[in-house]
(Lines give C-alpha, C1' and ligand atoms only; values in the text may rest on other atoms or scores of the structure.)
Protein backbone atom coordinates (compact mmCIF):
# COMPACT_ATOMS: atom_id res chain seq x y z
CA UNK A 1 0.00 0.00 0.00
CA UNK A 2 1.01 3.60 -0.37
CA UNK A 3 4.19 2.72 -2.23
CA UNK A 4 4.09 5.89 -4.29
CA UNK A 5 5.70 8.94 -2.73
CA UNK A 6 3.14 10.95 -0.78
CA UNK A 7 2.01 14.16 -2.47
CA UNK A 8 3.06 17.57 -1.12
CA UNK A 9 0.37 20.09 -0.18
CA UNK A 10 1.26 22.22 -3.24
CA UNK A 11 -0.21 19.50 -5.50
CA UNK A 12 -3.63 20.69 -4.31
CA UNK A 13 -4.75 24.15 -5.48
CA UNK A 14 -7.18 24.72 -2.59
CA UNK A 15 -7.41 23.58 1.01
CA UNK A 16 -9.61 23.82 4.07
CA UNK A 17 -8.64 23.49 7.75
CA UNK A 18 -10.97 21.31 9.82
CA UNK A 19 -10.31 20.76 13.53
CA UNK A 20 -10.71 17.28 14.96
CA UNK A 21 -13.54 16.84 17.48
CA UNK A 22 -13.24 15.13 20.83
CA UNK A 23 -15.65 12.39 19.77
CA UNK A 24 -13.84 11.58 16.49
CA UNK A 25 -11.87 8.69 17.99
CA UNK A 26 -12.43 4.97 17.49
CA UNK A 27 -11.75 2.08 19.84
CA UNK A 28 -8.04 2.21 18.93
CA UNK A 29 -7.66 5.78 20.10
CA UNK A 30 -7.23 7.11 16.54
CA UNK A 31 -9.42 9.47 14.59
CA UNK A 32 -11.91 7.04 13.06
CA UNK A 33 -11.45 6.16 9.38
CA UNK A 34 -14.97 7.29 8.57
CA UNK A 35 -14.09 10.83 9.72
CA UNK A 36 -11.72 11.17 6.77
CA UNK A 37 -14.67 10.86 4.39
CA UNK A 38 -16.58 13.48 6.32
CA UNK A 39 -13.54 15.74 5.91
CA UNK A 40 -13.34 15.05 2.16
CA UNK A 41 -17.01 15.76 1.64
CA UNK A 42 -17.06 18.86 3.82
CA UNK A 43 -14.06 20.23 1.89
CA UNK A 44 -15.69 19.68 -1.51
CA UNK A 45 -19.02 21.14 -0.49
CA UNK A 46 -17.50 24.21 1.18
CA UNK A 47 -15.39 24.89 -1.88
CA UNK A 48 -18.50 24.77 -4.08
CA UNK A 49 -20.77 26.65 -1.70
CA UNK A 50 -18.59 29.15 0.12
CA UNK A 51 -15.92 29.86 -2.45
CA UNK A 52 -18.20 29.88 -5.44
CA UNK A 53 -21.68 30.49 -4.07
CA UNK A 54 -22.94 27.42 -5.90
CA UNK A 55 -26.17 26.15 -4.46
CA UNK A 56 -25.84 22.38 -3.97
CA UNK A 57 -28.77 21.86 -1.61
CA UNK A 58 -31.79 23.76 -2.92
CA UNK A 59 -30.64 24.50 -6.49
CA UNK A 60 -31.70 22.62 -9.62
CA UNK A 61 -28.81 20.12 -9.43
CA UNK A 62 -27.36 17.93 -6.75
CA UNK A 63 -23.97 16.24 -6.50
CA UNK A 64 -24.38 12.58 -5.56
CA UNK A 65 -21.29 10.63 -4.55
CA UNK A 66 -21.16 7.34 -6.48
CA UNK A 67 -17.73 6.16 -5.37
CA UNK A 68 -14.97 7.14 -2.96
CA UNK A 69 -11.84 5.67 -1.46
CA UNK A 70 -9.00 6.44 0.94
CA UNK A 71 -5.47 5.25 1.77
CA UNK A 72 -4.35 5.84 5.34
CA UNK A 73 -0.65 6.63 5.71
CA UNK A 74 -0.43 7.51 9.40
CA UNK A 75 -2.81 7.46 12.36
CA UNK A 76 -4.34 10.72 13.47
CA UNK A 77 -5.09 11.78 17.02
CA UNK A 78 -7.22 14.52 18.55
CA UNK A 79 -6.48 17.41 19.00
CA UNK A 80 -5.21 18.29 15.53
CA UNK A 81 -6.08 20.51 12.62
CA UNK A 82 -6.72 18.50 9.49
CA UNK A 83 -5.70 20.50 6.43
CA UNK A 84 -7.54 18.99 3.50
CA UNK A 85 -6.17 19.65 -0.01
CA UNK A 86 -8.50 19.53 -3.03
CA UNK A 87 -7.85 19.02 -6.76
CA UNK A 88 -9.87 17.83 -9.74
CA UNK A 89 -8.41 14.92 -11.68
CA UNK A 90 -11.16 14.43 -14.25
CA UNK A 91 -14.18 16.41 -15.36
CA UNK A 92 -16.59 14.42 -17.52
CA UNK A 93 -19.98 15.16 -19.01
CA UNK A 94 -21.95 14.61 -15.85
CA UNK A 95 -19.32 13.56 -13.33
CA UNK A 96 -16.26 14.93 -11.58
CA UNK A 97 -13.43 13.07 -9.85
CA UNK A 98 -11.82 14.93 -6.98
CA UNK A 99 -8.42 14.02 -5.52
CA UNK A 100 -7.98 14.89 -1.85
CA UNK A 101 -5.32 14.56 0.82
CA UNK A 102 -5.20 15.30 4.54
CA UNK A 103 -2.14 16.96 6.02
CA UNK A 104 -1.07 17.47 9.61
CA UNK A 105 1.43 20.33 9.46
CA UNK A 106 3.39 19.43 6.32
CA UNK A 107 2.90 15.71 6.62
CA UNK A 108 0.43 13.81 4.43
CA UNK A 109 -1.55 11.33 6.55
CA UNK A 110 -4.19 10.23 4.04
CA UNK A 111 -4.94 10.38 0.30
CA UNK A 112 -8.25 9.71 -1.35
CA UNK A 113 -10.74 10.43 -4.11
CA UNK A 114 -14.44 11.15 -4.51
CA UNK A 115 -16.49 10.70 -7.71
CA UNK A 116 -19.61 12.88 -7.81
CA UNK A 117 -22.33 12.70 -10.43
CA UNK A 118 -24.54 15.70 -11.12
CA UNK A 119 -28.22 14.86 -11.02
CA UNK A 120 -31.36 16.85 -11.52
CA UNK A 121 -32.96 17.84 -8.22
CA UNK A 122 -36.33 17.07 -9.81
CA UNK A 123 -35.89 13.43 -10.78
CA UNK A 124 -32.36 12.56 -9.53
CA UNK A 125 -31.23 11.50 -13.03
CA UNK A 126 -27.76 12.48 -14.34
CA UNK A 127 -27.45 15.84 -16.07
CA UNK A 128 -24.52 17.66 -17.66
CA UNK A 129 -22.30 19.51 -15.22
CA UNK A 130 -23.78 23.04 -15.35
CA UNK A 131 -21.62 25.70 -16.96
CA UNK A 132 -21.18 27.74 -13.75
CA UNK A 133 -19.80 24.69 -11.93
CA UNK A 134 -17.57 23.88 -14.92
CA UNK A 135 -16.06 27.35 -14.89
CA UNK A 136 -15.48 27.27 -11.14
CA UNK A 137 -13.75 23.91 -11.48
CA UNK A 138 -11.21 25.05 -14.07
CA UNK A 139 -8.57 26.33 -11.62
CA UNK A 140 -8.80 23.10 -9.60
CA UNK A 141 -7.88 20.92 -12.57
CA UNK A 142 -4.57 19.16 -12.44
CA UNK B 1 -24.35 13.58 41.24
CA UNK B 2 -26.62 10.63 40.70
CA UNK B 3 -27.41 10.34 44.38
CA UNK B 4 -30.89 8.95 43.72
CA UNK B 5 -31.11 5.21 43.26
CA UNK B 6 -30.82 4.30 39.58
CA UNK B 7 -34.08 3.20 37.94
CA UNK B 8 -34.65 -0.43 36.96
CA UNK B 9 -35.48 -1.26 33.33
CA UNK B 10 -39.09 -2.07 34.33
CA UNK B 11 -39.68 1.65 35.00
CA UNK B 12 -39.69 2.10 31.21
CA UNK B 13 -42.63 0.60 29.29
CA UNK B 14 -40.75 0.30 25.97
CA UNK B 15 -37.14 -0.21 24.97
CA UNK B 16 -34.92 -0.46 21.90
CA UNK B 17 -31.56 -2.22 21.53
CA UNK B 18 -28.90 -0.20 19.71
CA UNK B 19 -25.43 -1.66 19.16
CA UNK B 20 -22.39 0.55 19.71
CA UNK B 21 -20.34 1.36 16.60
CA UNK B 22 -16.58 1.10 16.35
CA UNK B 23 -16.26 4.85 15.81
CA UNK B 24 -18.40 5.84 18.82
CA UNK B 25 -15.41 6.32 21.11
CA UNK B 26 -13.89 9.56 22.31
CA UNK B 27 -10.31 10.40 23.21
CA UNK B 28 -10.75 8.70 26.61
CA UNK B 29 -11.65 5.36 25.07
CA UNK B 30 -15.29 5.59 26.18
CA UNK B 31 -18.42 5.80 24.08
CA UNK B 32 -18.65 9.55 23.53
CA UNK B 33 -21.22 11.46 25.61
CA UNK B 34 -22.87 12.82 22.49
CA UNK B 35 -23.71 9.27 21.36
CA UNK B 36 -26.12 8.95 24.29
CA UNK B 37 -28.25 11.72 22.80
CA UNK B 38 -28.24 10.00 19.43
CA UNK B 39 -29.49 6.87 21.22
CA UNK B 40 -32.23 8.82 23.02
CA UNK B 41 -33.42 10.44 19.82
CA UNK B 42 -33.25 7.28 17.74
CA UNK B 43 -35.30 5.46 20.40
CA UNK B 44 -38.02 8.12 20.48
CA UNK B 45 -38.29 8.38 16.71
CA UNK B 46 -38.37 4.62 16.15
CA UNK B 47 -41.09 4.26 18.74
CA UNK B 48 -43.18 6.88 16.96
CA UNK B 49 -42.41 5.72 13.45
CA UNK B 50 -41.99 1.97 13.62
CA UNK B 51 -44.26 1.07 16.49
CA UNK B 52 -47.02 3.48 15.63
CA UNK B 53 -46.54 4.33 11.98
CA UNK B 54 -46.58 8.02 12.82
CA UNK B 55 -45.01 10.11 10.12
CA UNK B 56 -42.57 12.53 11.73
CA UNK B 57 -40.61 13.51 8.65
CA UNK B 58 -43.00 14.24 5.81
CA UNK B 59 -46.29 14.55 7.73
CA UNK B 60 -48.01 17.76 8.73
CA UNK B 61 -46.24 18.01 12.10
CA UNK B 62 -42.65 17.79 13.25
CA UNK B 63 -41.21 17.13 16.70
CA UNK B 64 -38.53 19.68 17.52
CA UNK B 65 -36.33 19.07 20.53
CA UNK B 66 -36.18 22.21 22.68
CA UNK B 67 -34.26 20.82 25.64
CA UNK B 68 -32.49 17.65 26.68
CA UNK B 69 -30.10 16.47 29.36
CA UNK B 70 -28.23 13.41 30.58
CA UNK B 71 -26.54 12.08 33.73
CA UNK B 72 -23.72 9.58 33.17
CA UNK B 73 -23.45 6.87 35.82
CA UNK B 74 -20.79 4.60 34.31
CA UNK B 75 -18.52 4.70 31.27
CA UNK B 76 -19.50 2.64 28.24
CA UNK B 77 -17.16 0.80 25.90
CA UNK B 78 -17.56 -0.72 22.45
CA UNK B 79 -18.65 -3.44 21.74
CA UNK B 80 -21.90 -3.34 23.70
CA UNK B 81 -25.62 -3.35 23.14
CA UNK B 82 -27.23 -0.25 24.54
CA UNK B 83 -30.77 -1.03 25.69
CA UNK B 84 -32.61 2.27 25.81
CA UNK B 85 -35.77 2.49 27.94
CA UNK B 86 -38.48 5.04 27.13
CA UNK B 87 -41.27 6.57 29.24
CA UNK B 88 -43.35 9.75 29.09
CA UNK B 89 -43.29 11.92 32.20
CA UNK B 90 -45.45 14.79 30.98
CA UNK B 91 -47.75 15.38 28.06
CA UNK B 92 -48.74 19.01 27.61
CA UNK B 93 -50.75 20.88 25.00
CA UNK B 94 -48.01 21.05 22.42
CA UNK B 95 -45.05 19.42 24.16
CA UNK B 96 -44.00 16.06 25.56
CA UNK B 97 -41.28 15.23 28.07
CA UNK B 98 -39.67 11.82 27.63
CA UNK B 99 -37.62 10.10 30.34
CA UNK B 100 -34.96 7.72 29.05
CA UNK B 101 -32.27 5.46 30.44
CA UNK B 102 -29.54 3.34 28.90
CA UNK B 103 -28.86 -0.13 30.27
CA UNK B 104 -26.01 -2.54 29.67
CA UNK B 105 -27.40 -5.92 30.67
CA UNK B 106 -29.35 -5.03 33.80
CA UNK B 107 -27.18 -2.13 34.79
CA UNK B 108 -28.26 1.49 34.27
CA UNK B 109 -25.35 3.53 32.86
CA UNK B 110 -27.16 6.78 31.97
CA UNK B 111 -30.45 8.58 32.64
CA UNK B 112 -31.82 11.51 30.72
CA UNK B 113 -34.76 13.43 29.31
CA UNK B 114 -35.87 15.02 26.06
CA UNK B 115 -38.52 17.74 25.67
CA UNK B 116 -40.08 17.83 22.20
CA UNK B 117 -42.47 20.48 20.94
CA UNK B 118 -44.86 19.70 18.11
CA UNK B 119 -44.72 22.26 15.33
CA UNK B 120 -46.51 22.66 12.05
CA UNK B 121 -44.42 21.42 9.13
CA UNK B 122 -45.69 24.42 7.17
CA UNK B 123 -44.53 27.29 9.36
CA UNK B 124 -42.67 25.56 12.23
CA UNK B 125 -44.91 27.16 14.86
CA UNK B 126 -46.18 25.13 17.85
CA UNK B 127 -49.40 23.18 17.39
CA UNK B 128 -51.41 20.89 19.69
CA UNK B 129 -50.12 17.34 19.91
CA UNK B 130 -52.27 15.56 17.28
CA UNK B 131 -54.82 13.09 18.59
CA UNK B 132 -53.15 10.03 16.98
CA UNK B 133 -49.87 10.83 18.74
CA UNK B 134 -51.70 11.47 22.01
CA UNK B 135 -53.39 8.07 21.85
CA UNK B 136 -50.12 6.30 21.02
CA UNK B 137 -48.46 8.01 23.97
CA UNK B 138 -50.97 6.86 26.58
CA UNK B 139 -49.34 3.52 27.40
CA UNK B 140 -45.94 5.21 27.80
CA UNK B 141 -47.17 7.55 30.52
CA UNK B 142 -45.78 7.04 33.96
CA UNK C 1 -38.82 27.28 27.02
CA UNK C 2 -36.10 29.81 26.61
CA UNK C 3 -38.15 32.54 28.25
CA UNK C 4 -35.07 34.18 29.70
CA UNK C 5 -33.31 36.61 27.38
CA UNK C 6 -30.57 34.83 25.44
CA UNK C 7 -27.04 35.68 26.56
CA UNK C 8 -24.79 37.83 24.40
CA UNK C 9 -21.41 36.46 23.30
CA UNK C 10 -19.62 38.85 25.68
CA UNK C 11 -20.97 36.84 28.64
CA UNK C 12 -18.42 34.16 27.68
CA UNK C 13 -14.74 35.01 28.23
CA UNK C 14 -13.44 32.54 25.61
CA UNK C 15 -14.76 31.08 22.39
CA UNK C 16 -13.85 28.62 19.64
CA UNK C 17 -15.07 28.52 16.04
CA UNK C 18 -16.07 25.08 14.80
CA UNK C 19 -17.34 24.61 11.23
CA UNK C 20 -20.34 22.37 10.63
CA UNK C 21 -19.65 19.20 8.65
CA UNK C 22 -21.70 17.96 5.70
CA UNK C 23 -22.77 14.87 7.64
CA UNK C 24 -23.93 16.75 10.76
CA UNK C 25 -27.57 16.82 9.68
CA UNK C 26 -30.44 14.74 11.01
CA UNK C 27 -33.57 13.51 9.26
CA UNK C 28 -35.15 16.97 9.64
CA UNK C 29 -32.39 18.70 7.70
CA UNK C 30 -31.01 20.42 10.82
CA UNK C 31 -27.66 20.02 12.49
CA UNK C 32 -28.37 17.09 14.80
CA UNK C 33 -28.89 17.86 18.49
CA UNK C 34 -26.10 15.53 19.48
CA UNK C 35 -23.61 17.64 17.51
CA UNK C 36 -24.10 20.47 20.00
CA UNK C 37 -22.66 18.29 22.74
CA UNK C 38 -19.69 17.42 20.57
CA UNK C 39 -19.15 21.17 20.09
CA UNK C 40 -19.39 21.82 23.85
CA UNK C 41 -16.91 19.07 24.65
CA UNK C 42 -14.48 19.98 21.89
CA UNK C 43 -14.51 23.60 23.11
CA UNK C 44 -13.79 22.66 26.72
CA UNK C 45 -11.01 20.24 25.84
CA UNK C 46 -9.32 22.58 23.37
CA UNK C 47 -9.37 25.36 25.93
CA UNK C 48 -7.69 23.10 28.48
CA UNK C 49 -5.24 21.48 26.07
CA UNK C 50 -4.39 24.12 23.49
CA UNK C 51 -4.75 27.30 25.50
CA UNK C 52 -3.23 25.98 28.69
CA UNK C 53 -1.19 22.96 27.68
CA UNK C 54 -3.01 20.87 30.26
CA UNK C 55 -2.74 17.17 29.55
CA UNK C 56 -6.19 15.64 29.84
CA UNK C 57 -5.53 12.37 28.03
CA UNK C 58 -2.28 10.90 29.29
CA UNK C 59 -1.74 12.96 32.44
CA UNK C 60 -2.47 11.87 36.00
CA UNK C 61 -6.05 13.19 35.98
CA UNK C 62 -8.97 12.88 33.66
CA UNK C 63 -12.12 15.00 33.33
CA UNK C 64 -15.21 12.80 33.26
CA UNK C 65 -18.51 14.36 32.30
CA UNK C 66 -21.19 13.40 34.83
CA UNK C 67 -24.02 15.58 33.58
CA UNK C 68 -24.81 17.91 30.70
CA UNK C 69 -27.79 19.61 29.15
CA UNK C 70 -28.79 21.91 26.32
CA UNK C 71 -31.64 24.24 25.31
CA UNK C 72 -32.14 24.73 21.57
CA UNK C 73 -33.31 28.20 20.57
CA UNK C 74 -33.10 27.99 16.78
CA UNK C 75 -32.36 25.28 14.23
CA UNK C 76 -28.91 25.21 12.65
CA UNK C 77 -28.08 24.29 9.08
CA UNK C 78 -24.86 23.37 7.30
CA UNK C 79 -22.78 25.22 6.15
CA UNK C 80 -22.21 27.46 9.17
CA UNK C 81 -19.50 28.35 11.63
CA UNK C 82 -20.55 27.54 15.16
CA UNK C 83 -18.94 30.00 17.58
CA UNK C 84 -18.96 28.34 20.99
CA UNK C 85 -18.61 30.55 24.06
CA UNK C 86 -17.21 29.14 27.32
CA UNK C 87 -17.52 30.28 30.93
CA UNK C 88 -17.21 28.64 34.34
CA UNK C 89 -20.19 29.00 36.66
CA UNK C 90 -18.94 26.91 39.59
CA UNK C 91 -15.62 25.46 40.63
CA UNK C 92 -15.91 22.92 43.44
CA UNK C 93 -13.43 20.64 45.18
CA UNK C 94 -13.33 18.02 42.48
CA UNK C 95 -15.84 19.28 39.93
CA UNK C 96 -16.37 22.18 37.57
CA UNK C 97 -19.56 23.41 35.93
CA UNK C 98 -19.10 25.03 32.53
CA UNK C 99 -21.73 27.24 30.88
CA UNK C 100 -21.66 27.24 27.09
CA UNK C 101 -23.56 28.81 24.22
CA UNK C 102 -23.42 28.46 20.45
CA UNK C 103 -23.68 31.55 18.27
CA UNK C 104 -24.20 31.95 14.53
CA UNK C 105 -22.91 35.42 13.77
CA UNK C 106 -24.26 37.39 16.74
CA UNK C 107 -27.28 35.21 17.30
CA UNK C 108 -27.44 32.67 20.14
CA UNK C 109 -28.90 29.37 18.87
CA UNK C 110 -28.23 27.13 21.88
CA UNK C 111 -27.29 27.36 25.56
CA UNK C 112 -26.04 24.55 27.73
CA UNK C 113 -23.88 23.29 30.56
CA UNK C 114 -21.38 20.51 31.29
CA UNK C 115 -20.38 19.22 34.73
CA UNK C 116 -16.98 17.53 34.75
CA UNK C 117 -15.49 15.66 37.69
CA UNK C 118 -11.74 15.26 38.00
CA UNK C 119 -10.70 11.67 38.56
CA UNK C 120 -7.40 9.94 39.03
CA UNK C 121 -6.19 8.30 35.83
CA UNK C 122 -5.01 5.38 37.96
CA UNK C 123 -8.28 4.33 39.63
CA UNK C 124 -10.87 6.73 38.14
CA UNK C 125 -11.91 7.98 41.60
CA UNK C 126 -12.57 11.69 42.22
CA UNK C 127 -9.60 13.87 43.16
CA UNK C 128 -9.23 17.57 43.92
CA UNK C 129 -9.01 19.81 40.88
CA UNK C 130 -5.22 20.17 40.46
CA UNK C 131 -3.74 23.58 41.18
CA UNK C 132 -2.62 24.20 37.56
CA UNK C 133 -6.15 23.62 36.28
CA UNK C 134 -7.56 25.82 39.07
CA UNK C 135 -5.29 28.69 38.12
CA UNK C 136 -6.11 28.36 34.42
CA UNK C 137 -9.81 28.39 35.23
CA UNK C 138 -9.75 31.66 37.20
CA UNK C 139 -10.24 34.01 34.22
CA UNK C 140 -13.17 31.91 32.97
CA UNK C 141 -15.14 32.34 36.19
CA UNK C 142 -18.30 34.37 35.99
CA UNK D 1 -20.41 3.23 -12.29
CA UNK D 2 -21.85 0.06 -10.89
CA UNK D 3 -22.10 -1.53 -14.31
CA UNK D 4 -21.47 -4.99 -12.93
CA UNK D 5 -24.53 -6.77 -11.63
CA UNK D 6 -24.96 -6.13 -7.90
CA UNK D 7 -24.12 -9.09 -5.67
CA UNK D 8 -26.86 -11.03 -3.88
CA UNK D 9 -26.71 -11.36 -0.09
CA UNK D 10 -25.80 -15.06 -0.42
CA UNK D 11 -22.37 -14.03 -1.80
CA UNK D 12 -21.49 -13.02 1.77
CA UNK D 13 -21.12 -15.83 4.31
CA UNK D 14 -21.85 -13.64 7.35
CA UNK D 15 -23.92 -10.54 8.00
CA UNK D 16 -24.82 -8.10 10.75
CA UNK D 17 -27.92 -5.91 11.06
CA UNK D 18 -27.23 -2.32 12.07
CA UNK D 19 -30.11 0.16 12.48
CA UNK D 20 -29.73 3.66 11.10
CA UNK D 21 -29.64 6.45 13.67
CA UNK D 22 -31.65 9.64 13.51
CA UNK D 23 -28.50 11.75 13.17
CA UNK D 24 -26.98 9.70 10.31
CA UNK D 25 -28.31 12.02 7.62
CA UNK D 26 -26.38 14.56 5.56
CA UNK D 27 -27.50 17.85 4.05
CA UNK D 28 -29.18 15.97 1.19
CA UNK D 29 -31.45 14.01 3.50
CA UNK D 30 -29.62 10.73 2.85
CA UNK D 31 -27.66 8.56 5.23
CA UNK D 32 -24.24 10.18 5.01
CA UNK D 33 -21.60 8.39 2.91
CA UNK D 34 -19.23 8.23 5.85
CA UNK D 35 -21.76 6.14 7.80
CA UNK D 36 -21.24 3.28 5.34
CA UNK D 37 -17.62 3.01 6.45
CA UNK D 38 -18.68 2.96 10.08
CA UNK D 39 -21.03 0.09 9.17
CA UNK D 40 -18.25 -1.79 7.35
CA UNK D 41 -15.85 -1.41 10.25
CA UNK D 42 -18.39 -2.27 12.92
CA UNK D 43 -19.32 -5.43 10.99
CA UNK D 44 -15.70 -6.58 10.68
CA UNK D 45 -14.86 -5.90 14.30
CA UNK D 46 -18.00 -7.57 15.67
CA UNK D 47 -17.33 -10.65 13.55
CA UNK D 48 -13.82 -10.88 14.98
CA UNK D 49 -14.73 -10.01 18.55
CA UNK D 50 -18.20 -11.38 19.14
CA UNK D 51 -18.26 -14.37 16.82
CA UNK D 52 -14.71 -15.49 17.48
CA UNK D 53 -13.73 -13.91 20.77
CA UNK D 54 -10.64 -12.43 19.15
CA UNK D 55 -9.25 -9.56 21.15
CA UNK D 56 -8.56 -6.69 18.77
CA UNK D 57 -8.26 -3.90 21.32
CA UNK D 58 -6.08 -5.05 24.19
CA UNK D 59 -4.47 -8.14 22.64
CA UNK D 60 -0.97 -8.38 21.20
CA UNK D 61 -2.05 -7.44 17.67
CA UNK D 62 -4.15 -4.72 16.18
CA UNK D 63 -5.87 -4.46 12.81
CA UNK D 64 -5.09 -1.15 11.13
CA UNK D 65 -7.07 -0.15 8.08
CA UNK D 66 -4.70 0.97 5.31
CA UNK D 67 -7.20 1.36 2.49
CA UNK D 68 -10.95 1.23 1.94
CA UNK D 69 -13.47 2.19 -0.71
CA UNK D 70 -17.18 2.16 -1.47
CA UNK D 71 -19.56 2.36 -4.44
CA UNK D 72 -23.01 3.77 -3.71
CA UNK D 73 -25.82 2.22 -5.73
CA UNK D 74 -28.87 3.80 -4.12
CA UNK D 75 -29.48 6.45 -1.48
CA UNK D 76 -30.42 5.32 2.00
CA UNK D 77 -32.84 7.00 4.37
CA UNK D 78 -33.54 6.69 8.09
CA UNK D 79 -35.26 4.65 9.49
CA UNK D 80 -33.85 1.47 7.98
CA UNK D 81 -31.99 -1.63 9.02
CA UNK D 82 -28.69 -1.92 7.19
CA UNK D 83 -27.81 -5.57 6.67
CA UNK D 84 -24.06 -5.69 6.09
CA UNK D 85 -22.63 -8.78 4.36
CA UNK D 86 -19.00 -9.79 4.95
CA UNK D 87 -16.60 -11.94 2.92
CA UNK D 88 -12.83 -12.27 2.64
CA UNK D 89 -11.39 -11.87 -0.85
CA UNK D 90 -7.69 -12.16 -0.03
CA UNK D 91 -5.69 -13.27 2.97
CA UNK D 92 -1.99 -12.39 2.73
CA UNK D 93 0.93 -12.74 5.11
CA UNK D 94 0.07 -9.75 7.25
CA UNK D 95 -3.00 -8.31 5.55
CA UNK D 96 -6.58 -9.23 4.78
CA UNK D 97 -8.95 -7.75 2.21
CA UNK D 98 -12.63 -7.84 3.17
CA UNK D 99 -15.45 -7.42 0.65
CA UNK D 100 -18.64 -5.92 2.08
CA UNK D 101 -22.07 -4.92 0.87
CA UNK D 102 -25.04 -3.20 2.48
CA UNK D 103 -28.55 -4.47 1.81
CA UNK D 104 -31.95 -2.99 2.55
CA UNK D 105 -34.32 -5.93 2.51
CA UNK D 106 -33.00 -7.88 -0.50
CA UNK D 107 -31.67 -4.87 -2.35
CA UNK D 108 -27.96 -4.05 -2.48
CA UNK D 109 -27.42 -0.32 -1.89
CA UNK D 110 -23.62 -0.21 -1.52
CA UNK D 111 -20.56 -2.40 -2.14
CA UNK D 112 -17.10 -1.83 -0.74
CA UNK D 113 -13.83 -3.20 0.58
CA UNK D 114 -11.50 -2.76 3.53
CA UNK D 115 -7.82 -3.73 3.65
CA UNK D 116 -6.55 -4.31 7.17
CA UNK D 117 -2.91 -4.91 8.12
CA UNK D 118 -2.07 -6.74 11.32
CA UNK D 119 0.43 -4.86 13.46
CA UNK D 120 2.09 -5.53 16.77
CA UNK D 121 0.38 -3.67 19.60
CA UNK D 122 3.84 -3.00 21.01
CA UNK D 123 5.48 -1.15 18.11
CA UNK D 124 2.69 -0.94 15.49
CA UNK D 125 4.82 -2.70 12.85
CA UNK D 126 3.30 -5.36 10.56
CA UNK D 127 3.24 -8.94 11.83
CA UNK D 128 1.95 -12.19 10.34
CA UNK D 129 -1.76 -12.75 10.73
CA UNK D 130 -1.91 -14.87 13.92
CA UNK D 131 -2.97 -18.48 13.50
CA UNK D 132 -6.23 -18.10 15.49
CA UNK D 133 -7.36 -15.26 13.23
CA UNK D 134 -6.34 -17.24 10.14
CA UNK D 135 -8.44 -20.21 11.22
CA UNK D 136 -11.46 -18.04 12.01
CA UNK D 137 -11.17 -16.42 8.59
CA UNK D 138 -11.27 -19.66 6.60
CA UNK D 139 -15.06 -19.95 6.32
CA UNK D 140 -15.32 -16.31 5.18
CA UNK D 141 -13.03 -16.87 2.18
CA UNK D 142 -14.62 -16.61 -1.22
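Letters are used for the chains, namely A, B, C and D, taken in the order the chains are written, and counting of residues starts over at 1 for each.
Just so we're on the same page, a residue touches a chain if its C-beta (ideal position, glycine included) is under 8 Å from a C-beta of that chain, and two chains touch if they have at least 3 such contacts.
Quick caveat: nothing in here was measured; it's all calculated off a predicted structure.
Asks: Going by the contact rule set out at the top, which chains touch both chain C and chain D?
Replies: Output, common partners of chain C and chain D: A, B.
Asks: Count the C-beta pairs in contact for A-B and for A-D, then report the pair with the higher count.
Replies: The greater number of contacts lies at A-D.
Asks: What's the distance between the Cα centroids of chain B and chain D, rounded to whole Å?
Replies: Averaging C-alpha atoms per chain gives centres 29 Å apart.
Asks: Can you give the whole-Å distance between the Cα centres of chain A and chain B?
Replies: 34
Asks: Distance from the CA centroid of chain A to that of chain D, rounded to the nearest Å?
Replies: The mean C-alpha positions of chain A and chain D differ by 22 Å.
Asks: Chain B: which residues touch two or more other chains?
Replies: Correct list: 22-23, 26-27, 32-35, 38, 41, 45.
Asks: Note which residues of chain D are touching chain C in the complex, please.
Replies: Of all residues in chain D, those touching chain C are 22-27, 29, 32-35, 77-78.
Asks: Where on chain B does chain D make contact in their complex?
Replies: The touching residues are 18-19, 21-23, 38-39, 41-42, 45-46, 49-50, 79.
Asks: With touch defined as at the start, can you tell me which chain A residues reach chain D in the complex?
Replies: 1-2, 26-28, 32-35, 37-38, 41, 45, 57, 62, 64-72, 75, 115, 117
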